[in-house]
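Each chain gets a letter, A, B and C, in the order it is written, and its residues are counted from 1.
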Amino acid sequence: MTSSKISITGSRTSAGAAAGRTTAGVPLLRHAAAVAWKDLRVELRSREIVYTTGFFAVLLVVVFSFAFTREPSAVAGVTPGMLWVAVAFAGTVGLGRAFDREREGDTMRALLLSPAPRLAVFFGKATAIAALVLAVAALVAPLLALLLQAPLFEEPLPLVVCLVLGSVGFALVGTVFAAMLLRVRSRDVLLPVVLYPILVPMFIAGTKATAALVAARPDVAAAWYWIQFLGVYDALFFGISLWTFESLVIE
Amino acid sequence: MNRILVPIMALLAAVGLAVSAWGIFVVTPMEQTLYYSQKIFYWHVPNATMLFVAVFVCGIASLVYLKKRDARWDDIALASGELAVVFGAIVLATGSIWARAAWGHWWVWETRLVTSLLLWLIMVGVVLVRRFAGTGAERLAAGLAVFGMVDVPLIYVGVKQGDLHPQAKVVQTLDTGMRLTFWLSMATFLFLFVALLLTRIQTARAERQLRELHERGLDAGLLES
Amino acid sequence: MGLDRVSCSGLAKRYGHQRALGGVDLELRRGSLTALLGPNGAGKTTLLGILSTLIRPTGGRVHYHDGSAVRDADDRLRREIGVLAHASLCYGELTGAENLRFFAGLYDVGPARVDELLDQVGLDERARERPARTYSRGMMQRLALARALLARPSLLLLDEPFTGLDRSGAAALGASLAGAKAGGAMVLVVTHDLEAISALADHVVVLRRGLIAHEARRPEAVAHADGGYRYDELKDLYHRFAD
């Protein structure tokens, strides 16, 4: 995950410099890695988020299977939706929990107080969230393929790229919004309320790409079109997050 | 400047509404498939345009506010955010009526309608956040508005290409009789938008200044809290 | 080279409809400990937040002086600022030592300093290797202080640090603050515990409704020789200007 972040950052430093910040590349990445690694270590200690979010995702898939499938032929139609809704809901729950951790002890404040560039805090947390969402997707996709006999892995490469880009997009926007809402009352309700409308284009692209891959005759070209769309989505929100993150978390 | 501009805009809007109403019902030719219900198009499209304008004004004002933290930009963001919700509601209502007339359903998954719905939802979120988020709400609303603005092209392209529920697309080919009335209607709603925006900004500014004066009075011991 | 003076002019902060600070002029000097007093809601925490660069003022400016130069409020400046808040600012799931090592990485401080501080604040070997959430209030405060002192900050900001501490804990904290002050740091303490801060504070600022109600400073010679304001003096100032 960190390596893909580096390659994206490499082509974006001009955007970063254009935004008027001198982000000396190495300390930024070093601190971002430290933050991400810290999150990972804390999570590995208790495994709380992984277990609860993972189980929630599994439950969603099972419930959806009952709710949405009446006959086998309906499978191809509902599978993309189920996959992305499960990833989104579970991802939001995990996102909320991950930032809850920064509220106990007010450690988000500690991170922002440190000499680490605020963008490093953003990258570090976003990397951790992206890893979490990908893990959920890695759990849900095979489960769906199993329970519904959905041919999800017919074309594995496009599917994986699609899920990776979707996780990155979710992580980028989700991290900004969760950090923004950290000290707000009713943040648990407000987070999905503000997050989901912004994520709609990502859902459209993700479900369209998945649908193209799951169809009786997979339309790989269409899938790659939507994957490119996801790439543009990620790039746009990467840029705007870089530009506005600090202004949004500093009161 | 506002003292002259707002009344002029309001007057132009009023005149425009009158003239375009006449234009819509008297001058423009009747459309051959939908008859009268097509005429809602003369209101629906300008309002949709104003929705987009409001979203962009809000997004840009929010961005400047985030960078400069000047409350005057927040006033603009506040006003345009609220107007976006208002115009969005009109778009959805007129679009719904049009859909009912054209296809027999109160809702269709047509590109412009869906895009308007999503934008409207985002702007409702902006207004909700401003109301209910407590301290620092302006900053949060600004963030959401900026992200919403960036999302607009993505939503439009995504919904269009996504072709969610293929419907017969309503292609608007305007012949000259219709064109003039259409642009007149567009101008009318632009004037209305500007008048409302300037007025709302003034109100927000006045509220803020009143509060500041109240505090200065309390500080100086001239007022009792 | 650290900061030797922090000056604020016309500092104001408004949160939407609420005014937290309404124009504060303040100067902090090196080797001086400032007691920031005032009733709840006076704006003390907001002022601290602005000084620590976490809150952007809606009016006025803060100048961080380094000799004759004025430092930009960039990432590197934050290395000179240490904060001890009411919250622990530490991760409960990590051990004391892990917490310090993580923050040491962010502050570009070597591992030797971590051990040195853990010794200085008095966290023994076993405590260091326990998760921070198992710590008592007093131990957590010691860890938080160690975290604040990691990079030898020249500006030390503390928000109600004596709350919940017993006598010995308060005494130990007081000794650490005296040490920091003697080392040339600028120390600002927001507190309601006048007794704990007495003899330490040589500069008293009373805040009320977002404005400075009173400010008093011991002349330098007296400050170094005499210690700080006495408890009865502080109580008198508080009652006269804060109520």
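Keep this in mind: contacts are C-beta pairs under 8 Å (C-beta built on N, C-alpha and C of every residue); 3 or more make two chains touch, one makes a residue touch a chain.
A quick note: this is a predicted structure, and the numbers were derived from the prediction, not measured.
Trainee: By the document's touch definition, which label belongs to this structure's chain graph: line, ring, star, complete, or other?
Mentor: complete
Trainee: Name the chain whose C-alpha centroid is most distant from the C-alpha centroid of chain A.
Mentor: C
Trainee: When contacts are scored as defined above, which chain pair ends up with more C-beta pairs, B-C or A-B?
Mentor: Here the pair linked by more C-beta pairs in contact is A-B.
Trainee: Please compute the C-alpha centroid of chain A, do the same for chain C, then give the distance between them in whole Å.
Mentor: Here chain A and chain C have centroids separated by 38 Å.
Trainee: What whole-Å value do you get for the distance between chain B and chain C if each is reduced to the mean of its CA atoms?
Mentor: Each chain's C-alpha centroid was found; their separation is 48 Å.
Trainee: From the C-alpha centre of chain A to that of chain B, how far is it in Å?
Mentor: 31
Trainee: For chain B, write out the residues touching at least two other chains, lowest number first.
Mentor: 135-137
Trainee: Residues touching two or more other chains, restricted to chain C: which are they?
Mentor: 15, 56
Trainee: Multi-chain contacts only, two chains or more: what residues does chain A have there?
Mentor: 251
Trainee: Applying the document's contact rule, which stretches of chain A touch chain C when the two form their complex?
Mentor: 31, 34, 38, 41-42, 45-46, 101, 104-107, 109-118, 250-251
Trainee: Quick check: in the complex, which residue numbers of chain C touch chain B?
Mentor: Checking each residue of chain C against chain B gives 14-19, 22, 56, 58, 209, 211.
Trainee: Which chain B residues qualify as touching chain C in the complex?
Mentor: 69, 71, 135-138, 211-212, 215, 218-219
Trainee: Spell out the residues on chain C that touch chain A in their complex, using ranges where they run on.
Mentor: These residues of chain C touch chain A: 15, 49, 52-56, 75-76, 78-79, 81, 83, 85, 87-94, 98, 102-103, 105-108, 132, 147, 151.
Trainee: Touching residues of chain B toward chain A in the complex: what are they?
Mentor: Residues of chain B touching chain A: 63, 66-67, 118, 121-122, 125, 128-129, 132-137, 139-140, 142-144, 146-148, 150-151, 154-155, 157-159, 161-162, 164.
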